[in-house]
Each structure stands twice: as structure tokens, then as C-alpha cells.
Amino acid sequence: MARPLPREISLGELIERFGGELAGGQPGQTVRRLASLAAARQGDLGFLSAARHRAEAAGTGASAVIVTPGLADALPAGTARILVPDPYAHFAAVARWFAQMLEPPPPSPPIHPSASIDPSASIAANVSIGAHAVIEAGAQVGEGASIGAGCFVGREVRVGAGTRLHPGVSVYHDCIVGARCIVHAGSVIGSDGFGFAREAGRWAKIPQLGAVVIGDEVEIGSNCSIDRGALEDTVIGDGCKLDNLIQIGHNVVIGEHTALAGCVGVAGSARIGRRCMIGGSAGILGHLEICDDVVISAMSLVTRSIRQPGFYSGVFPLMDNAGWEKAAATLRQLPGLRTRLRRLERDAAGVGGAPGESAQQDNSIDPKD
Amino acid sequence: MARPLPREISLGELIERFGGELAGGQPGQTVRRLASLAAARQGDLGFLSAARHRAEAAGTGASAVIVTPGLADALPAGTARILVPDPYAHFAAVARWFAQMLEPPPPSPPIHPSASIDPSASIAANVSIGAHAVIEAGAQVGEGASIGAGCFVGREVRVGAGTRLHPGVSVYHDCIVGARCIVHAGSVIGSDGFGFAREAGRWAKIPQLGAVVIGDEVEIGSNCSIDRGALEDTVIGDGCKLDNLIQIGHNVVIGEHTALAGCVGVAGSARIGRRCMIGGSAGILGHLEICDDVVISAMSLVTRSIRQPGFYSGVFPLMDNAGWEKAAATLRQLPGLRTRLRRLERDAAGVGGAPGESAQQDNSIDPKD
Amino acid sequence: MARPLPREISLGELIERFGGELAGGQPGQTVRRLASLAAARQGDLGFLSAARHRAEAAGTGASAVIVTPGLADALPAGTARILVPDPYAHFAAVARWFAQMLEPPPPSPPIHPSASIDPSASIAANVSIGAHAVIEAGAQVGEGASIGAGCFVGREVRVGAGTRLHPGVSVYHDCIVGARCIVHAGSVIGSDGFGFAREAGRWAKIPQLGAVVIGDEVEIGSNCSIDRGALEDTVIGDGCKLDNLIQIGHNVVIGEHTALAGCVGVAGSARIGRRCMIGGSAGILGHLEICDDVVISAMSLVTRSIRQPGFYSGVFPLMDNAGWEKAAATLRQLPGLRTRLRRLERDAAGVGGAPGESAQQDNSIDPKD
């Protein structure tokens, strides 16, 4: 559950700060916590943005709810309403303010005495560095950045202003993390790309001499692995959001404001456009290009370049296991079934060929590719 | 290989402790190590629970074997037998006892001097804390818990009695880990959920104000990521077992005694029932419900709620690559093939429509959903 | 971008060291950096190994390029050429030499004073140990090995000569890492295998008493999880290469020189042969065997043993989402379609059965299995 704020917030103060129109309540009424409609109790502030949540709205215990005028009647009579056009965005802004108030004060001293900081590293003002963190030679940490306990910041790394590395993040030498980024615990930036040449049945290592360059306002979840480039850099554009346990291969380039859900794997040298959304556990093969504004379904594998914005999928549908076994067995016979169907059509049509074959190109993903 | 125990254990002592009936051996005979039948040597104790292991049983070098009366004749003449009804469960109990004897004594001093422990943290009796671990303000560590080297235990975290965090585990502020849990190295509990609102082509962060609540007797493998809730908590029920590299999104609720194999991804706000088994690399989309006692095959994607206990699958079958290419190409044409088949049936049947179409609903996963 | 070397390297020195024939340049010309043809500038050395890169070659700014005689004319007139039979292997060798020159000198002192090293551990000559690393009782670290900051090396672990553990690697007790290995940040070696017995609706833990044994010249990417065996050991053969975020279950045995791409999951007790290549995000079920020289496509699930070398796939092809929805819906009806096709054939052929059914076994993966 969200924690209560250290002080009561009046609805009047909320409206003064964030706008909206008060209905069914008094400006002096207060809230101290954010909550979902279903879990909200006295003193909580919730939001209602879609008609499908009417049932929860009708039973909510929230003291006040951010809501559109059109849905205001879905709430219990005694609930105060803050009427706004976009309750979710409004709530998000309120939540960011609440979250700031819930942040603990910076540690004192801001740089833990157990941190190991090379004398040649450059640490800007208002930086906090946690216990047992390591900052190596020549690294630069920008103003207001926060380096968590046990982080490793390698030689000549640059961490931008206001960026936060949560505990146990490792950034290998020469990599760059932009400003106002968040990197969650256990993520690794700059490990070697998977580059080997086969020589007489063995794998000879190709040194990975590039780095990783991460733009501004990027968020990276926990336990991600972002490999350094072989010769050039692996690049994550401004505003990208990566969930947890994501693999980014060497030389990958991701455009601005693209979001990747958990467990995605992107193979080496793939290029992903701007504003794409890649579903959880999806995969993207190496050396291909995905244009801007592409959406990929969860657990789909992109095996060819995609040159048209759009929504693409490739997932075996879930069935009860007995049905799946039959479908999977028949799938192996599918080319044979097609041949048999064509033969029947030919027999039915006489000598003139199967007219249905013209449907053959239907549903192809990108015939130009 | 399992290590040998520090002392010999007689078969008589084993039977006194765990039960069973001795056959073909003397109570004074001793064993010092557990081993599989195939690898066992003089002094080793093995088990035989299924007829399909008869070949390994016949050639085993084990000094003694835990076995059902019905399979006892599968063993070499000179092997001592401990006859029990359920050899695997019996062996598991013996193994837990052996494992205890193999545990090293607690470190001395139990709290490593390099650990960084906030004075306001509450550390119960018999707790061990490894080198370079960090325990932040207000955290509570229960009796007999063990915090590994380099772990991070955030503000106000509660770690239950008898719980063991292996090295390098991070638990973010306000999260709760129950009693007698095991969390393996590198796992992260409480990183931010993946919550962003799209605003003018950019992603605005939704603060993640909830926490993670983990029940008692939960085991979490290495390098897992369990995100905190947005407003409410992410909840893992008592007795759940998670393998390695598992992603649990924000607000997920998992019922008691559910097991998830390695590399599973569960998207935000999904609810999984009790006693479910989720196969390796499977995925579960967000905001859906899976009822109790559901089994999901490896690498299957759950795209809709499941309301009936049962066994569900959705995996493209493995083929030689040439066969796969043909099947995959034909798959794109499948709707066209169906149309052509219907046309042939209609032509064959005259005007009256295709009777076969009634089979259309076969194999659907849950028509009610 | 790759860093420039600390000194200029003449083409004459390069040819003296690595061979090749100089064309269109002077032995006294120098280079200081490696680069791709597309990004190369004055002072950079590139390579050209395939005709498909002719366009980049024609526009390259590289001072010198390693190239086959047959492709030498693809380069601009003023570019120096080093003619060799295999430019990629040649370049890889040069890159390894450049990488050595770019390595920083070993830290001084080589063993960081904040590392926590048990007095009973055995540390060979020329070992470096990073800040806050932990080496437990009885561990052995071989000559020239390098243990990164914050690594955990458990009781009785053996780390071979020349092996490098990057920051934050955890190796649990009794595990063995061979010589000249590289393990990237955050990887965990020796966490407990996923072994539980179901007892009355609960999971009882099976102690994991084996260990992990990793051969020589193995590279393991970042954030991998390699579980210890239940009774015997999990074994990774010499020369294997693992990418990032890979899960290896307990008792798995992987043969020499096999490569696994990112996000692969291998379930318990699987045995993989030598020189196999497993594509990214692929899965391998437990207790099965894959023979030598097998290639598995990305995101394919191996559900049965594979006894013939070859290339195997099982992936749902990517489609635009509307096409996918139709194909997925029809897939559920596939067994019904087959029945209807057979009926049509029977009707067309008269009483004598459907001749097309003989195609039924086509495309099966391994009929002997």
C-alpha cells in the first residue's frame, strides 16, 4: 500500500496546484494517501477514468476522487469529486508530487564513507553515493545524481545530472548514461557484446571496443543487460523506457521514446525506430530494422525488417493441452494438406488450375521485404 | 558432486530417524554421502523410485538404496535396502538432514564489521549479516535470518524470521519478505513497476507507491525481478516457489503454493491462483486472472483469463528448419485454405452450406471468456 | 566508439605481426583506432570481408582496410589495403592485440584493502581483487585471475588461472570456474536448482547438494543464472560461450564449444552436445538430450530429444495483427479442417480411402524419437 503523506493535503491546495473543479465536497477537506478505488478508505484520494470501473467506483471508500464530469455520478453521494478532463494524467501529476513528499531526505553525509572513489573521478555538487559503491578513475558524476549502494561505475564513465542508479548497478568503462535517467537494481550497462568468430570448431573472442550511450530521461528496469558495441556504440535514445530483465545486444540502436516490456531480447545490430512498443518476452533478431511507430505483441519474434508502422503479432494461441496436441500435430502436415486441397480443386475444376491459389499471398507481413 | 558428511551415518540411525525397513544389510553399515544411482560409489546412499531407472539400479555402486519393496530386486545382491512406501519423499527428508549437517557453522562474528547498518534498524537475535551488506533506516530483520554479503535492505523493509537472503539481493524500501523464505543471489524485490502515461509522444512516469509483500516459505531463485505495486502491493502468497530470471510486474497477485519455472514473465496486475504451475519461459499478459490449479506449458503465452483448472499449451512445434519454413509459409495462408475448403464443400454438397463448419468451435480454450 | 590506442601503429608493424600484403599505401603510414567502414575516419583501420558491404567500403574514411584481394577495388583510391585471405579472422586477431593495449594497468595495490578475504583462502600470484569483494574460507583463486568489485566467491570455490570475474558476480560454495574464463557482471553460479517435491499440496524443498563445474575458456554474459546440481554437478564444457540473461537448470550438461544466445532457458537435467548453437530466447525442456552440432532457431522450444545434427525451428511467423488473428483462429480449427478435407477426398475417390493421408508424416522432426 502507498504510504500516507507526512501531512494532510486539502482539496483546495490540490486544486490550486493542479487545477480541476471541486464538486460535492469542501476545499478544507483533506486527503493523505493515494489509493485505488477498490482499496481506498477514509482519507484517500483515488481516480476514475473509464466507465468499466463503475462497479468499483460505486463502492469506493475514498474521501475524494479525480473524475470526468461524465462519470461523476458513478461515485457514492458523500464522495468529494475533483472534475478534470483527463483523470489519469491528472492523477499521475498528483502522484509525482506525493512521491516527492514521500522521498526521504538525502543521506547525511551524502557520500557514504565506505564508498570507494578514485581521486581522479569528478563528482559534481549534490551527488549522493551509497555504501560500498565504487567509482573508478576518470568517471564523472553529474549534479544531483544519486549512486546507490554497491554500484560499480567504471573508468571514464559519465553519469548525467539528476540520474539515479539504484543499488547494485554496474556500468562498465567508457559508457555514458544521460541526465535524469533511472536505472534499477542489478542492471548491467556495457558488458561485452556476444562476438565470436568460429575458428576450427572453437570460438575466438572478438574484443568489444565500443561502449553504450544512453540518452536523457531513460528508465531501465532491474536486472537488464545492455551490451557495449563491438566497434561503434550501442545507443538507447532519449526518453526510452525499458522494463526488467531485458537483453540489448551489441551495436543495437533504439530511437527516442520507445518502450520495451519485460524479458524482451534484442539481438546484435538491430535498429529499432522511435515511439515503438515492444511487448513482453518478444524477440528481435539481429541486423534488422524496425521503423518508427511499430507495435510488437508479447512473445512475438521479429525475423525480418519492418518498414511500415503498424501492429504485428506472431504467437501460437493458447489451447487446452489436448486441443493443442492435435493442432500442433496437424500443423506439421499443413503443407501436405494444402497440396491435397489444391489437388481436389484441380479435380473439381477440370484442367484449368486452382483458382483459390490467388489467395496465397494473403496475410503476408511485408511482401517488399 | 555432493560433499561427504563430516561423520559416518549408520543405516540403523537412519531408520531410527526416518523409518523404513532394512533388507539385505546390517544396521551397523554406514554411509556418508548422497548420490544418484549412476554415480554412487562405496559409502553412498541412493534411492530408486521408478521402474524406468532399473538399468541404473542394476549397475549401481551405492552401499545402500532407499527403495519400495516392489523394486528391491532391481538392485545388486550386495546392496543394502531401506524399504519405504515413497522413496523420493523419504530421500528428500534424509537429504534435508544431510544438508543441515553440511551447513557451515554461523560466521563469527555473526554480523560482519564491514556491514553498514543504520542505527534505527532492528536486528533480532541470531541474525547473521555478511560483508558489505547494507541495512537502511527502520528496517527489521527477524530472528535467525541471514543477510548475505553485499545485500541491500532498504528503509522500513521487514525480513521475516529464519529467512535467508543470498549475496547481492536488493530489497527496496517498505517491502516485506515473510518468514523462512529463501531468496537467491541477485534478485531484486521492489523495483518500480513499469508505469508510464503517454503524453504528447513521450512517456510520463507514474510513481510506484505500493510495495511488495512476500508470504512465508517462499523461495525465489537468482536474478529475479519483482516490481512494487503502483498504489496497492504486489503479493506473492505463502509457499510459492519461483525459479530464476523471473519477472513479476506491478500489482500482480500470486496465490499460495504456486510454482513458476525459469524465465517466466508475468505482466502487471495479473492474478494467478493457488497451486498453479507455470512452465519455463511462459508469459502471462496483464490484467487477467488465472484460477487455482492451472498448469501452463513452457513458452506458452496466456492472453485471456483462464477460469477452468486444467492444462493449457500454445507452442509452435519444433521441426527441421526446411519443414518449418513450409509450415510457417502455409500458416499465413490458413484462413485462405479454410475458405477454399468451404467452397469445395459447398460445391460438393450443392446449395445447402458446408456441414463441416460445425466443427469450428472445437479446441477453443474457453468459449465463455 | 572504440578508444584510440595510446600510440600510433604503423602498417609495417601490423604486417610484421599479423601478416598480409600491403597495397596502395606505405609501411610508415599509421593507424590508432579500429572502426567500422561506415564510421571510420582518418587514422582508423577497418575491414571488408563481404561483397554486400561494397557501398560502405566505397565511402569509407578509413586510412587502411584489411581486405581480400578480390574486394580490394571496392575501396576508395587513397585507402591503404592490407590484403589477406580471411579479413574477419585477421581483424579479430588485430582487435585482440589492440584491446590488450587499451587495458588499464593492473590496480595498485592489486588487492583492494576493502576486499574481505578469509585467511584460509588461497590467492595465487598476480591476482587482482576489487573493492568490497568477498572471498570465503577455503576458496582458491588461480594465478593472474581478476575478481571484480563486489564479487562473492563462496567457501571452497575454485577460480582458475587467468579467469576474470566482472563486478558483482556471485559464485556459491564448492563451485569450480576453469582457467581463462570471463564471467560478466551480475551472473550467479551455483544458486540452488529448482527442486521441490509435492507433499499434500505444498512444495517440500529437495536440498541441492551438487555444484557447478565450468570448464576452461568459457565466457558467460551478464545476469546469467547457472544452478548447482541436486546430487551430481551442473557442467559447462570447455570453450562454451553464453550470452546474457541465460538460465541453466540443475544437472544440465553442456558439451564443449557450444554457444547459447541471450535469454535462453535450459531446464533441469537436459544434456546438450558439443558445438551446438542455441538461438536467443529458445527453450530446452528438462531431461532430454540434444546431440552434437545441432542448431536451434531463436525462440524455439525443444520438447523432445534431438538425435540428428541439423537445424531446427519452431516459431509462429510474424504477421500484421489482423492477419495473425485470423490465422490463430483458424489454427484452432485445423484438426477439424483436416477431417473435412479427408471427407471430401473420400467422397471424391469413392470408397477407397484418402490417398493424400500418406503425406501425414511429412515434416516430422525425428520419427525415431
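Per-chain residue numbering starts at 1, and chain names A, B and C are given in the order in which the chains are listed.
The rule is simple: contacts are C-beta pairs under 8 Å (C-beta built on N, C-alpha and C of every residue); 3 or more make two chains touch, one makes a residue touch a chain.
Small disclaimer: the values here were computed from a predicted structure and weren't measured.
Colleague: Subunit A and subunit B are the same sequence; what rotation (0 to 180°, nearest 5) superposes their CA atoms?
Modeller: Subunit A sits rotated relative to subunit B by 120 degrees.
Colleague: If more than half of the interface residue numbers appear on both sides, call it same; otherwise different. Which is it for subunit A and subunit C?
Modeller: Different residues, largely: of all residue numbers at this interface, under half are found in both copies.
Colleague: Counting in whole Å, what is the centre-to-centre distance of subunit A and subunit C, each centre being its mean C-alpha position?
Modeller: So the centre of subunit A lies 25 Å away from the centre of subunit C.
Colleague: If a residue has to touch 2 or more other chains to count, which residues of subunit B qualify?
Modeller: 114, 132, 150, 168, 186, 223, 245, 263, 281, 299, 315-317, 319, 323, 326-327, 329, 331-332, 334-335, 337, 341, 344, 348, 362-364
Colleague: Going by the contact rule set out above, which residues of subunit B touch subunit C in the complex?
Modeller: Listed in rising order, the residues of subunit B that touch subunit C are 1-3, 34-36, 39, 88-89, 92, 95-96, 98-99, 102, 104, 112, 114, 130-132, 148-150, 166-168, 182, 184-186, 219, 221-223, 239, 241, 243-245, 257, 259, 261-263, 275, 280-281, 298-299, 315-321, 323-329, 331-332, 334-335, 337-338, 341, 344-345, 348, 354, 356, 359-360, 362-364.
Colleague: Which residues of subunit C touch subunit B in their complex?
Modeller: Checking each residue of subunit C against subunit B gives 114, 116, 132, 134, 137, 150, 152, 155, 168, 170, 172, 174, 186, 188, 191-192, 194, 196-197, 199, 201-207, 209-211, 223-225, 227, 231-233, 245, 247, 249, 263, 265, 267, 281, 283, 285, 296-297, 299-304, 310-317, 319, 323, 326-327, 329-337, 339-341, 343-344, 347-348, 362-365.
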